[in-house]
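As written, the chain order gives the labels A, B, C, D and E, with residue 1 at the start of each chain.
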Amino acid sequence: EEFITVQSTTSTQNSGLFDHILPMFEAGTGIDVRVVAVGTGQAIRNAMNGDGDVLFVHARAAEEAFVADGFGTARHDVMYNDFVVVGPAADPAGVSGMRDSVAALAQIAGAGAVFVSRGDDSGTHKAEGALWSETDVDLEEASGGWYRETGSGMGATLNIGIGMGGYVLTDRATWIAFGNKGSHRVLVEGDARLFNQYGIILVNPAVHAHVKAEAGQSFVDWILSAEGQAAIAGYEVAGQQLFFPNAK
Amino acid sequence: MRDLTDFDEAGLAAPPLLETRGLTFAAGGRRLIDGVNLTLRPGRRVAIMGPNGAGKSLLLRLMHGLLTPADGGVLWQGRRLDAAARAAQAMVFQRPVLLRRSVLGNLSFALRARGVPRHLRPARAEEALARARLTGLARSPARRLSGGEQQRLALAMALAGRPWVLFLDEPTASLDPASTHAVEEMLAEAHAQGVTTVTVTHDAGQARRVGDDLVFLQAGRVAEAGPVASLLDAPRSGPLRAWTEGRLWLPDR
Amino acid sequence: MRDLTDFDEAGLAAPPLLETRGLTFAAGGRRLIDGVNLTLRPGRRVAIMGPNGAGKSLLLRLMHGLLTPADGGVLWQGRRLDAAARAAQAMVFQRPVLLRRSVLGNLSFALRARGVPRHLRPARAEEALARARLTGLARSPARRLSGGEQQRLALAMALAGRPWVLFLDEPTASLDPASTHAVEEMLAEAHAQGVTTVTVTHDAGQARRVGDDLVFLQAGRVAEAGPVASLLDAPRSGPLRAWTEGRLWLPDR
Amino acid sequence: MPGLMEAFWDALRLIALGDADLWEIIGLSLRVTMTAVGLSCLIGLPLGAVVGAFRFPGRTALSLILNALMGLPPVVVGLGVYLMLSASGPLGVLQLLYTPTAMILAQMILVTPIVAALTRQVVEDLNEEYAEQFASLGVRRMERVAALIWDARYSLLTVALAGFGRAVAEVGAVLIVGGNIDHVTRVMTTTIALETSRGNLHLALALGAVLLVIALLVNAAVMAVRHTAQKVAYA
Amino acid sequence: MPGLMEAFWDALRLIALGDADLWEIIGLSLRVTMTAVGLSCLIGLPLGAVVGAFRFPGRTALSLILNALMGLPPVVVGLGVYLMLSASGPLGVLQLLYTPTAMILAQMILVTPIVAALTRQVVEDLNEEYAEQFASLGVRRMERVAALIWDARYSLLTVALAGFGRAVAEVGAVLIVGGNIDHVTRVMTTTIALETSRGNLHLALALGAVLLVIALLVNAAVMAVRHTAQKVAYA
């Protein structure tokens, strides 16, 4: 049986997206897709080592560097969703309903309310860092106080955030599919700066000869095809669409 | 089987300290102790003899309450033998069991187990060591002692509790003549203080010295029992006769 | 100290099988064996006596190569004692060490260790069991045997290897008279076949029966050595005299 | 916690109904763990017995290292195996990454020191009793090792079960070298980790309970075999 | 692997230079693990000894359960403690979640069964020898337990070290209940997991090596104490 290995991130797996779309691809091509879902950095590193045929993550700068360094053939936009700030219903910092995410973060910091960050250099963490850099908050100093870096994946960080009653920046897909919401809910959303783009890359067979270029390429092609894009759009949890296809 | 309860003529007046009634113990599909009836009267010394594997050690264990009989039972002052009763007894095992501690550590442990108050222990331990002639070895690891020294330590530990009844399983098997003599004197002394002793031995001379009565075991049964001198001088049963002549008694095995 | 190498008058002609030269062993800060010189000549039986703690067991262990001397050494046929030499020796320990297996399992193990080919083992085991009168107990767990049965099994295991030299540490301490007699006969038989035996005993009668020569140990030193009968009949040294009279010898302790 | 009991019943129902996915996961868990523990015992028992029974230069150091290796972090083992088996690693050509074989290998590395270190202790204690008799009988080295292992077998069962416990509960290493790939390398612990990160805490906990029940059954089976053997016993 | 040695030297350099962050992490690791193992021994040694030394109804079941609990998955323990300590849990008022105390608690739950199950085996073996002498001397129950533990202390050291190994290497439970929060609950294993997910595999591996060196030092220290004690010995 032919198979390919896809290095991806936990958000795609935890949200259940792969469970929804992969059977369609496998039924059409007979190619089995094996997903290894790890941290973004780890996924990219694994792919660099040649331990995967396809890389499917959300960290644009790192992805482009990956291709520029010759590890991947080409990068394609696949889909996007957005980040949201979730927090306890009591909302001690009073950010509920805000659209300006930077202002919201500054307000959380000002209130000294607990904010739980992934702190793992993942795509989500980098997006969060970009927002903080627009405020004048000194995270170094706050770390260990109201600012808590978990150094963990999205799911683990959400569990911790909910356990602490703190605010968390998360991608919407993971949040919607998440089972341990407690009293938390989405408080800040809709800011253009919260855009979260996913990309797909075929690992370069010129670097790693054993890469299953043909099968891998057919997966990339299918994801980018109308059929694949429709499959992504069709994935809903609790009546909500999780990812929005935007392949060019 | 003959009832042997009353062999102890001299002690008839005193109420029995310990009785076994149809005592039976089985393991591995064999009846290793088979319907033994014995009476132990206070202050009366008993010697137990019999060939290897006759069940002497098992019998001591049963009387000391370390094994549960398959049938029959042991009565202590007319009642069931329990842990409290065992506190009035002590035993020297054929193969001494010593803790992984010093000689002194073993003795202190025994004293403590026997409920001797802390402030009395050092003096009592000292005294017991001297009596067992182990003073010079007090700080030696007990399990490194020579065979005879171990046996003496085990005896000292048993005596430390000042028991009423003392079960001794071949207590002088590894002892030199002087130590054997000393142990026999200790037994005489204990006897003088009213301690009842039950001694397993392979030495007919010793049986005469430390026993008023003799029980001769053969294949788990009492082959003969009675005053030690009359039994050894005029054995009636086949097994005991064979024994005194140093012959092998092979009735059915 | 007197040189005792030549006490063995009768065996002078034969080259020594085993010699100890200034053999010394120390532990816990004490010289437990202290400059012992002995010669073992082929076919000549030695008895070792001495009070508890004299060092008899340690001396056997040293001669058998189980302990490393602190000073002096053991020569086997003029050369250093090694594992190969030990293969020609066997030992019965004072406290038998039996494997957690059946009686037969223990014997088979010993036979195998001694290099007896597999197809010969069952017959040899059978024979050894019969000789130790343990046939009926072949399938019993060895460590559940009675004290005497264990000692007999240990002897059977030692003999299974058909050694040239046999070290016996109080081999009949727990045996009944018939078994003791049987063991002594086995030793005589072995002697007749040329086996050299070294027997530790506390029994002067046994020393006469199983020894041509006697070595009397006291506090790690050879107090007296020579033909057994003349030594026991006319002890010259203080310790041996005390011993034969059943007295305690307390020179300095 | 009402949700918890519910989740637990759900999990039990899945098992009872013969949910194919769950059974596949349970089966793979057992296969990987049993194989790893078996191989670990094959190495660890003799290794531990040798260290426990013989004196040789470096023995203390070796037993120290074995003890310390009981504290080998699973993630580190996973990484080490990953770097070996990765396509760009020295054993990349074997293509073992993300296979059950890789998981077995990682668990073996984790469990072997545990088995060896605990065996060393057990055998050392027994050897203290046996050593002189063995030396006297002239028992050869390998026979000594075999005899010590055999005579300590009931105690060593507990050692093996400790190894089993470590292996069956382990997630860090198998996640890295197995990849938790659905239908390929997904085992109980990686499933539990996945459900946890999905926030399905109660389901994760229920699966944990199922795993414990499995461990209990394995232990019970081993004990039953032991009791039977002890009764037949004494060959 | 050139990157590996480099990363290892980097890690060593950080330690040598007294990198405050790394030392903080190492310190917390040791504090949490030592405390957890200490408390586990306080419970597990007597518990195991009682099960090993006495016959009572349910004894077989209990020792079976202890054996099985050696296979308690860390993630499950973490979840259980999380649900207990979380704000909405029964012990939420204590506010212990995401504190070192919570990590100690989780590790205790993991390690206690290991200590207890292995202690049971060691004590059972020793008790076989001592039981009759104890019964004859009339040693009271608690004194028996104490004497067995004391006389088996050198073997039980290895048991405690097995517990230490499990605790110091553990990541699943402490991640969930500690949260791997920088400067608060970040320990060696969670740092290694973090660096792994960041793709800094070599750094992670180097930190793993550092952890192993620490484990080695702890083991060596324990062994040194043991040797000294054995020399002084025999009180």
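FYI, contacts are C-beta pairs under 8 Å (C-beta built on N, C-alpha and C of every residue); 3 or more make two chains touch, one makes a residue touch a chain.
Note that the structure is predicted; figures quoted are calculated from it, not measured.
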item: Path length in the contact graph (subunit B to subunit D, fewest steps); value: 2
item: Interface sides of subunit D and subunit E: same vs different residues, half threshold; value: same
item: Maximum inter-chain contact count - chain pair; value: D-E
item: Separation of mean Cα positions, subunit B and subunit A [Å, integer]; value: 81
item: For subunit D paired with subunit E, centre-to-centre distance based on mean C-alpha positions, whole Å; value: 18
item: Rounded Å distance between subunit C and subunit D, as computed from the means of their C-alpha atoms; value: 48
item: Subunit A, residues touching no fewer than two other chains; value: 38, 46, 153, 156, 159
item: Sites on subunit D at which at least two other chains make contact; value: 82, 196, 201
item: Touching two or more other chains - residue numbers and ranges from subunit B; value: 140
item: Complete list of chain pairs which touch one another; value: A-D, A-E, B-C, B-E, C-D, D-E
item: Of all residues in subunit A, those that touch subunit D in their complex; value: 5, 10, 13-14, 19, 34-38, 46, 49-51, 153-156, 158-159, 177-181, 208, 210
item: Interface residues, subunit E side, partner subunit D - complex; value: 1, 4, 60, 64-65, 67-76, 79-80, 82-83, 114, 117-118, 120-122, 125, 155, 158-159, 161-162, 164-166, 168-172, 176, 188-189, 192-193, 196, 201, 204-205, 208-209, 211-212, 215-216, 218-220, 223
item: Subunit C to subunit D touching residues, read off their complex; value: 61, 64-66, 83, 86-87, 89-91, 93, 97, 99-102, 105, 109-110, 112-114, 139-141, 157-158, 161
item: For the subunit E and subunit A complex, residues of the former touching the latter; value: 82, 85-88, 97-98, 175-176, 179-184, 186, 190-191, 193-194, 196-201
item: Parts of subunit E lying in touch with subunit B, wherever the complex brings them together; value: 129-130, 132-140, 143, 147, 151, 233-235
